[in-house]
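First chain written, first letter: the chains are A, B and C, and each begins at residue 1.
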């Protein structure tokens, strides 16, 4: 990757002007609404919380020391990352065949199918989560069926299973959309060519289709993984708020504790972003390399 | 289009798709059914009623909030899609100083915890409005405009991620061929590039729209007096009780969006047939 | 198609510009002048056209807003929040645009210490005398310089009488594993880092403000052992889940219990089986208060509105709607007979119960509760 300097592609001044025009609005938006706030959050993370929750501007490293020193915070990290990973894998396994089916339909049907996948997500998230509570509750549809079949009632909600269902349900389209975009550009005749050359369908899938659609997998995984790691509403509603995830800790430190502790929350957020950004960029590089 | 395999998908693929759609629609069916239940808890079937629809139509606040939410989502998505597509092009087609830095900055809106972003934006707007007040003597107040700005800010990156996926798998030779045939840069973009990456752009836009519709935390902290949005209203209701009135609202929105989708498909189909 | 999308973009950007440029009509504009000084002593010339109230969700009878507009021609806009800290964060940033907020006890102190509130002008509040003097002049606002009590409540146990025919007298029902076993998965505690440890501390014989290491360690262990029996930590729709029978037993605010018993407007029906008790070991008392923001340009109108809500008949109507307890002594006897009967039954504290109630104080030591709560939920 070209880090410094303008390489051959961008020497002509026309191209440079175009580049500037392409970058300007997005760059303005990103700097105004992210870069500046980011610096503020970074500054907060080295400050001290006042007795009323107001920031006191004295430099300290204590927030970071607490973050790494207390096992409670570390274990919330690990728990959140694990649930994020699990959700991402399930979404990928469910989403890939769905995206594949979608792109292989005639154009008109493809659009309809895409909308069918998305429409459930245009009803409010909390309302959908409530509907899952109804389905999974002790007197809900699933338990009624189980009991009608003569089995004892299962406690499905609140619990970890319910949380996982809720997370996968909420994140699936974020996996499917990038996969559709990637598969749409995939040349399916390559699969026939592979078959002609004697490769099994499975081998063709693993060696050709998967690597060539890796950018879609990477994008989808990131879009599913990140929000899942930072979530707290699903685990509160479907899990009964009994276990802390990273999102809960952040929410508590910023706006639920009295007094709130913005500096510690900021330190936590900074670490969270740092780890994830590095991981994402590494991940994208890896999936990009694979194709060469 | 000739590149697509002739078969529409094997039996397994069909079964999987059917099962996944069932999973996606199970809670939707439940909420639609319970918008007609006479049980005020909305969790049991105790008989048919249209009471909740009547209540909904007399709830001006909820209807206003719904319209605000649709407006915000539409405008924010339009702006974010344009800006995001431009950024995606810059990132995929050019090498320039600071590209890696921009790459990292692009992921900030995705990795930043929502509560942090919400409070940062709140502080930013308060500061900016303070300055405007000092310079011009008028103090703006947060409202729809600030919510739209905030929503654009966090949806842009999602658009970029999806559009870049399309650009990555793009066969550049098609553009070169167009250029060889005498097309200028704009023509090549309009006639060749744009149609080919359209699925990516539409996907990114739909993603942004979906995110914007549902966002609660950032919306809460960037809205102002008298400007109510649906996620904030619903979140407040959770504190008390989600009534079947909300189910009724969701059902109507569902019917509207399905109608819209099929209508647009129908119009396209007619258009194709007549031409 | 191209033209259309360009048109949409232009319209959208224009709208954005217009919305950004639109400033607020915060300058106090006079309402249509009627025949000067009215009988109620309100100077209509000084009223603003609009008043912006930032309040807890569903915490005022909307009919009262219409009544106020009818009486004074002032439109009242109400927006909602669900945590003091959310509201304070928004106010502290500056220029929130609101006139009146409704902070809870400790939050009043935070806000006036940080210079976010303006002083109350008693001359503009003739109805202040209606309030119960025992609820004035509390620790968070000595002399009520910045706040006026709005609603208060107590924290105890709500339960289904059919499941506990002998009644409940001790927190042990929520903390003793032997007793919990019977209601496993059908019991909830408030999701609150002060209320829930507070109940554990009272059960253990401490003050709910105890912050010494031994008491905190004891309470932490108790709550950790309790967790597996709970359906959830829930402070939001406890009312509904009690009413529907999903919970047999819940750590709850009195108002939630009253709503579960009595129903909530036309939203859900009440459950006559619900009872509420402050256990013998004691419980918590808290209060939400009206206060005027320092940067509010409509202080006079805000006072008129606060005074309006303190009229006995309106305070009674409001309390009947919300379900929490009114600090307005003159309003109590105007409450519907059904509600007064429930008060007598335990949904409001009598003199004897009041002795067992404690205010939750926030100070420099309070951060131990954040850590305790993180420890309970982080196992």
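Quick note on the criterion: a residue touches a chain if its C-beta (ideal position, glycine included) is under 8 Å from a C-beta of that chain, and two chains touch if they have at least 3 such contacts.
Everything numeric here is computed off the predicted structure, so don't read it as measured data.
Participant: What kind of graph do the touching chains make: line, ring, star, complete, other?
Facilitator: Graph shape here is complete: every pair of chains touches.
Participant: Go through A-C and A-B and name the pair with more C-beta contacts between its chains.
Facilitator: Between A-B and A-C, contacts are more numerous in A-B.
Participant: Mind checking the centre-to-centre distance between chain A and chain C? Centres are C-alpha means, answer in whole Å.
Facilitator: Distance between chain centres, rounded to whole Å: 35 Å.
Participant: Using mean CA coordinates as chain centres, what's the chain A-chain B distance in Å?
Facilitator: A distance of 16 Å separates the two centres.
Participant: So which bits of chain C are touching at least two other chains?
Facilitator: 86, 89
Participant: Send over the residues of chain B in touch with two or more other chains.
Facilitator: Residues 43, 82, 119, 123, 149, 235, 238, 242 of chain B each touch two or more of the other chains.
Participant: Two or more other chains in contact with one residue: find those residues in chain A.
Facilitator: 137, 254-255 - these are the residues of chain A that touch more than one other chain.
Participant: Quick one: which bits of chain C touch chain A in the complex? Just the residue numbers, please.
Facilitator: 83-86, 88-89, 92, 106-107, 110, 113-114, 185, 188, 191, 193-194, 227, 230-234, 246, 362-364, 366-367, 369-370, 373-375, 377-379
Participant: Touching residues of chain A toward chain C in the complex: what are they?
Facilitator: The contact residues of chain A facing chain C are 51-54, 72, 75-76, 137-138, 155, 158, 236, 240-244, 248-249, 252-261.
Participant: For the complex, give me every residue of chain A touching chain B.
Facilitator: It comes out as residues 1-7, 9-10, 15, 18-19, 21-23, 25-27, 29-38, 40-41, 94, 97-98, 100-108, 111-128, 130-132, 134-135, 137, 139, 141, 169, 172-174, 177-178, 180-182, 184-189, 191-192, 212-213, 215-216, 219, 222-223, 226, 230, 237, 246-247, 250-251, 254-255, 262, 265-266, 269, 272-273, 276-277, 280-281, 288.
Participant: Please name which positions on chain B make contact with chain C in the complex.
Facilitator: Going by the criterion above, the answer is residues 40-41, 43, 55, 75, 78-79, 82, 119, 122-123, 125-126, 129-130, 133, 138-145, 148-149, 220-221, 223-226, 228, 232, 235-243.
Participant: Can you check the complex and tell me which residues of chain B touch chain A?
Facilitator: The touching residues are 1, 3-5, 7-9, 12-14, 16-17, 20-21, 23-28, 30-31, 34, 42-44, 82-84, 86-87, 89-90, 93-97, 99-100, 102-117, 119-121, 123-124, 149-150, 152-153, 156, 158, 160-166, 168-170, 185, 196, 199-200, 203-204, 206-207, 210, 213-214, 216, 230-231, 234-235, 238, 242, 246-247, 250, 253-254, 257-258, 261-262, 265, 268-269.
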